[in-house]
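Pasting a structure below so you can have a look.
For reference, chains read A, B, C, D, E and F in written order, and residue numbers begin at 1 within each chain.
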Amino acid sequence: MSANLSAIFYLISGVLFILALRGLSSPGTSRRGNLFGILGMLIAITVTFLSIGNFSSGFIYVLIFLLAGGSVGAFIAYKIPMTAMPELVAGFHSLVGLAAVFVAISAFLNPLAFNLGLPGDIKLSSLIEMSIGAAVGAITFSGSIIAFLKLRGIMSGSPITFKGQHYINLLLGLTIIVLIFYLCKNQSDSFFWSMIAISFLVGLLLIIPIGGADMPVVISMLNSYSGWAAAGIGFTLENTALIITGALVGSSGAILSYIMCKGMNRSFFSVILGGFGGTNSAQQKDKTKKPVKSGNSEDAAFLMKNASSVIIVPGYGMAVAQAQHAVREMADCLKKNGIKVSYAVHPVAGRMPGHMNVLLAEANVPYDEVFEQENINNDFASTDVAFIIGANDVTNPVAKTDPQSPIYGMPILDVEKSKSVLFVKRSLSPGYAGIDNELFYRDNTLMLFADAKKMTEEIVKNLG
Amino acid sequence: MKIIGSVKEDLAAEKRISVTPDVVKKYKDLDFSIYLEKNYGNHLGIRDEEYKDNGASLVNSSKEVLEKSEIVLRVNCLSNDQANLIKNQSILIGQFDDFSNKEIINKLIKKDIKIFSLNSLPRITRAQSMDVLSSQANLAGYRAVIESVEAFEKAVPMMMTAAGTITPAKVLVIGAGVAGLQAIATAKRLGGIVSATDVRIIAKEQVESLGGKFLSVEGAENLETKEGYAKEADESFKKKQTDLLKNAVKKNDIIICTALIPGKKAPRIISEDMVKSMKPGSIIYDLAVGQGGNSAFSEADKVNLVNGVKVMGVKNILNNLPLTASNLYAKNLFNFVYNLYDKKKKSIFLNEEDEIVSKTLITKEL
Amino acid sequence: MEIDPFIFRLSIFILSIFVGYYVVWSVTPSLHTPLMSVTNAISSVIIVGAIIAGLSGNIESIFDTSNIFGFLAIFLAAINIFGGFLVTQRMLQMYKKKKKNK
Amino acid sequence: MKIIGSVKEDLAAEKRISVTPDVVKKYKDLDFSIYLEKNYGNHLGIRDEEYKDNGASLVNSSKEVLEKSEIVLRVNCLSNDQANLIKNQSILIGQFDDFSNKEIINKLIKKDIKIFSLNSLPRITRAQSMDVLSSQANLAGYRAVIESVEAFEKAVPMMMTAAGTITPAKVLVIGAGVAGLQAIATAKRLGGIVSATDVRIIAKEQVESLGGKFLSVEGAENLETKEGYAKEADESFKKKQTDLLKNAVKKNDIIICTALIPGKKAPRIISEDMVKSMKPGSIIYDLAVGQGGNSAFSEADKVNLVNGVKVMGVKNILNNLPLTASNLYAKNLFNFVYNLYDKKKKSIFLNEEDEIVSKTLITKEL
Amino acid sequence: MSANLSAIFYLISGVLFILALRGLSSPGTSRRGNLFGILGMLIAITVTFLSIGNFSSGFIYVLIFLLAGGSVGAFIAYKIPMTAMPELVAGFHSLVGLAAVFVAISAFLNPLAFNLGLPGDIKLSSLIEMSIGAAVGAITFSGSIIAFLKLRGIMSGSPITFKGQHYINLLLGLTIIVLIFYLCKNQSDSFFWSMIAISFLVGLLLIIPIGGADMPVVISMLNSYSGWAAAGIGFTLENTALIITGALVGSSGAILSYIMCKGMNRSFFSVILGGFGGTNSAQQKDKTKKPVKSGNSEDAAFLMKNASSVIIVPGYGMAVAQAQHAVREMADCLKKNGIKVSYAVHPVAGRMPGHMNVLLAEANVPYDEVFEQENINNDFASTDVAFIIGANDVTNPVAKTDPQSPIYGMPILDVEKSKSVLFVKRSLSPGYAGIDNELFYRDNTLMLFADAKKMTEEIVKNLG
Amino acid sequence: MEIDPFIFRLSIFILSIFVGYYVVWSVTPSLHTPLMSVTNAISSVIIVGAIIAGLSGNIESIFDTSNIFGFLAIFLAAINIFGGFLVTQRMLQMYKKKKKNK
């Protein structure tokens, strides 16, 4: 295959990868996006084979390794439980990083095969590119390993910080640069190997101080790194597919981690620099370390949009925030999308008898959508989303289980039986009865920390 | 024609007044002099001083007022005595009823008095600010609901409480004119489940614009006249309406009746059977009782208990809301006088070409 | 006056960065995980380099150190390719099911 | 202990009942037998058949009921005669007042009757469904507003009309407990401009959660007890409150008084001067009149006209809403009985360790 | 300047253009965006000079023409009234198109200077690229001229359609392709010239059938064409700046016209194909030709966001649509942005006395924001936006001017005195009184045709 | 095995299309007109070609037909450059003023 033709195909596979990412940015097109990605990969691999063109016995080995790796990958993909997704992605990243390092090593050892000059006399630009690729790849590898271990729970999820960590990282980073500089000057193996070794170390040190809660951001960041590594190698190999894809992955990963930080209301730099993670986890420790899943209005909107039925459970917080109009509007939006909406009013929700009724009537909620507890409690089990807005005690299952609790014996709304539970409140603080609500820590609960009105209004925006 | 006067009404039957301190000021701005009988607004808590402060003169007897005034403002018709005292060729403005006030009106016409009855005001846009029927009916609708709710032995709004759920009361409004619409609004406010019915199809949109449910009589033609009032319905319509209402009445807790065809006896809409089909404790408030009533068993100024259903009706519901009603009524009158007032000549001028003048003026003996 | 191909590659690189930036800018949060997983899968395009590395050199000595590194890289990247795309597929399947419920 | 009975109250003073047809069914589900005096709910439009259909036995005399029943349900205390008739060692449940019912209670205790007064129910979460004070105060708050508005001679909501604007009525609620909060809600619904005041600071948030404005007494400490009731205020506080209210009272059209400190005489909050400073036509509705009243001039079951201000108060406002009130009251009683009922043994068991039991049971003579 | 260096600078200028467009996509960054654009252009021009390097006397002429053109451009830019913006842009487009044609001609005449081979023996690929550039440029030129004339009013704005226009266009398009084919074969001048001539004709025919209302879309489309023309020339001249910028302008223009169509609820193809424009203008004719400015929720949101005070005038339509809650919410949004909001209630708005008050109270609008007519009428003059929602008669100035009108003498709200007037209603139909409202046709009025609730909700979305 | 620079240019072209697509996708409607006008101004980058055309050929015969076309193109493009950017500036100034009013 001519170099031109393969370049064109590489371009096509790059475009397919762009379309893949584009597809993934909205639920409707996401599956098609994944297919584009697969197609792009297929083209890239095939073209590489064809452009090398010498189907020597080596080809068989390539196939063997390819299939071996493929089966392992497929096996993992099918066996892994959905809940282990984050660590899986982290683990996969480490592989990409290592692969990049290997390719760089291979190129360093046998530059001739890559048209980069002779061993010991590699083109300067190629040498720089390859070193960058190798270093970034190594950082990605070791960083991802740590992320994996933390997420898997093998390593403590809490951030491990030590004094002067930033200085050490800086120092190591400088060392890498110096090593690359000497490598370029001498082309001596030892510089190359030590550079890689130090990069591994940097990866470890970068991720260790970051707390478990920030891991998703870290993974996305590592993703970005692996992209830059691929781009670096792409420049070495003069391969357009690698350059396009690497840049694509690199920048999209970086942006994604930025977006995620914004969504979590965290500063990007404090996450990446890791040191600040400490403050955060200290708070978590107070809460006896129970992890809480918290989301934003977009998550809530997404969950509800894809539900077929939603039960809204209003409580005193809705009254305080005067969110009733917004809630009504949210319900209208949902109904427009064909989603069934009902309101479950607990007999003692609020602070006076009939408190919720007053507010719902004010917001013109039709009476026939408002149900008292007895009539709706069985419906939760068949409901996709329970949207609990400013209510707390009236949903607390401790009333059923703990005779010591002050609300023991009070009938409660069985919101936890619905597929997903959304709690809109400003914090984890308790309600009137002053007791903690264990629902907050459940797996199918998503906390939406905000003023009830603001959050609901934002959800409405995201529903539209 | 610059002297305006008003005497006290028969307090037994009428608590509203035609002149409030506020409008006195407005009349003064146009250079009118105002004469009022003393203690004019006392029964409403308005002291004579308030009138005086705004520039009115308070005189001791109604006689003096009537003899001085060139324009006399009233709520109801004058008494026979008063009719004797009123100055010839003066102007009398108020709400007069062709039937019950026939004799007095004839007497006044003989005295060459220009009688304007605001009851005959054309329902045109320009006359809206003088439309006493509207302003008073509006309040009547509000008040009817308040009184019904007061008489009702249950709570109206839905309340889900620890001691069980209180179901919301169902309110049915018959006739969605001015009074009916305000009744709908008020009942909705209180948290009732409100439905309404009317013969005019356009009322559907209006009822819904207040959040009420409209009960349409199937296949109803539009029974609206050009002037925006209702026409009398034919038999087939009445039959259909009866069937519809039979069901609805049974289910409702409070019924407010406001159906009316101008100049006709009020249509009888709720039959005796219907009343009896209601739950004990239910309320029927018949605003049309003055025109003969929309409901069986309704009698003016009485509460009849029929099988536990309270059928109520007040002849002059505005007596129960006299302050607000007087405020609006007095403003209506002022706007009417202002329309008669020639801004250039700075005096009263009866422009017979003005629809408002010609339609309200009673010129011939009845 | 030929232009160094490096310049072209640089242009391509920079433009791709822009595309990457824009393409994810408006993604729904709920798709963050699948997006991350697909990006990860895509980044295993490094396999292109791995294949070149594996097949480099003479036909006789296919087990040069450099080739071995290449093969290892192929293995790793392949895990990633299959694993990444399939897992994304699985995740997205979940979303789809939810939709159908409607 | 499976026989429950209830006799008619003194209809002159009490229209509520302790057993409704609905709860009869619930008692039957637990295998209780129910005996009621005949015509038990007649005055509320509830026919004996309805009870019978649900499984109650109606007997001819109160004597028969009292002699048969092991558990007697009441609203108010028994009369002397009834106290003589009631079976020894039976259970009596109702709302009893330590002061006015002292003698009868002592007599009953001598007969070894277990008297549960729901007035002393602890305000704990679990007891909410039996909390008669809450359920009744809630309705009282609603009803107080309805009656005030009915007595008010102006319209409450704002209306901008062709005949001028009706300004909205200003409503002040004193004491934002259960009754006060519902009063706020109801007045808001009707379109009033509502403000409220209370000594408990937490009430501010609650008032605002209903859209009302809270008038805070500056520098007020929190006068809330652990149990959620109010403490008595000290002099400096009272002074500040008076200053604040002096101004507020003047500006308001309707005042609903609900301030109360349990077990104490109601605080006097509105002085004679304050009443006199109000506009004629204003309303003061004193719900606390039974405990001595929050306002000057307030007398139970009377409307006092002071300078044109109507000062009203009803001893038992729930008599004006007897149906709804009885529904909730009967459910409260049922929930209380249900709490005494041992689900395993399927019988009544008085668990003295249960706060609800121990706090409500009157064991010693007073 | 070396080719490499200039290529890098061209890349930089391309990136600056990207940043320019990016900046223009939100008001906050728009001015900076424009500066980026200017900078990019400066770099591109300077680099071109430097890379040619022979500062012969020709250089002076270049400067002369550059400055001459520049002054003309600057003059026009300063003199043109803001209202003439659309036609100005159209006019400018025609220049770009013509410039592209000229460059292509120049290259065709003197290929040597461009490294494209000898006259009569031009490289095939260059010839194709240059022909495409010339053809698209010519279409852009003549199309823009027509758009300019239509917008300027020199030519009738109404679409001129004739039977078979699509076939003729198709035929002409095919002819161009055939001509290019023969040009490549023969390299004969005549084919080149006739191709250009026919392209001019196609431009005319493409735009003539499109109605005046659709012109903004057309302009954007022509913009896109001019981009593609530049890109074509860029390939010919092997100039990265031209390629990047051309592609950028080409695709962004196309997308923009698509977005605009969507915003106007028109099908993209029906606009571009032109034939459908006819239906639209026929309707306009019925309305006795009075032009109405109609906008969408985004326009309304933009106007209000930039206002310092807004008066809301509710009418019966708000009640019918039950839009009161949405209106309240809109007011909340505005207030959050520091904008003063009041409500003006006309005494007879709605269908019963106090109708509006009931609804506003229900939506919890604070009483102190609600004013009766007498108290607010004077405020309109100092108000930026009057937002009239479902009201009509109560704003109709005919009540003041025409004694014959049924509402003569009724006091009305002087909404027309505010800077901008927004009317939310579903159509141009009259209100209760049954008379036309001339305010609809005023210059400072923007009609928002939609159900009151839907429109308000959308506005809220766009405010957020 | 050199790659034809055309391929690179094509890649650049295609990536730029993507960038163009994304960059305006989320633009506010109220900025449509300035955006259009700035795009228009940018499209006059054709002046690069025009300058090349104007200065092409021998130094002596600067008034070859091809040069003249080049000069004309420079003139036209220059109008557009100055006019376009300045007019955009003016438009945006308006927005700014409005903002300040607040």
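Some notes on this structure:
As a convention for this text, contacts are C-beta pairs under 8 Å (C-beta built on N, C-alpha and C of every residue); 3 or more make two chains touch, one makes a residue touch a chain.
Note that this is a predicted model, so its numbers are computed, not measured.
Shared contact partners of chain A and chain E, listed by label: B, C, D, F. Centroid distances from chain A, each centroid being the mean of CA atoms, peak for B.
Seen from the C-alpha centroid of chain F, the farthest chain centroid is that of D. With each centre defined as the average position of its C-alpha atoms, the distance from chain A to chain B rounds to 68 Å.
A straight line joining the Cα centres of chain A and chain D is 56 Å long.
Rounded to whole angstrom units, the spacing between the C-alpha centres of chain A and chain F is 40. The mean-CA centres of chain B and chain C are about 81 angstrom from one another, to the nearest whole unit. Counting partner chains per residue, chain B has residues 128-129, 134-135, 138, 157, 159, 161-164, 166, 189, 191, 211 touching two or more of them. The set of chain F residues touching two or more other chains comprises 2-3, 5, 8-9, 11-12, 14-16, 18-19, 23, 25-26.
Counting partners per residue, chain E has 14, 18, 238, 240, 244, 322, 347-348, 353-354, 358, 361-362, 364 as the residues that reach two or more other chains. Chain pairs that touch, as defined above: A-B, A-C, A-D, A-E, A-F, B-D, B-E, C-E, C-F, D-E, E-F. Across the interface of their complex, chain A is touched by residues 5-6, 9, 12-14, 16-21, 23-57, 59, 62, 64-67, 69-92, 94-96, 98-99, 101-102 of chain C. For chain B in complex with chain A, the touching residues are 157-166, 168, 191, 193, 211. By the touch rule above, chain B contacts chain E in their complex via residues 124-126, 128-129, 134-135, 138, 178, 181-182, 185, 188-189, 205-206, 208-211. Looking at the complex, you find that chain A touches chain D at residues 316, 319-320, 322, 347-348, 350-355, 358-359, 361-362, 393, 399, 406-410, 433. On the side of chain F, the complex with chain A involves touching residues 1-4, 7-8, 10-11, 14-15, 18.
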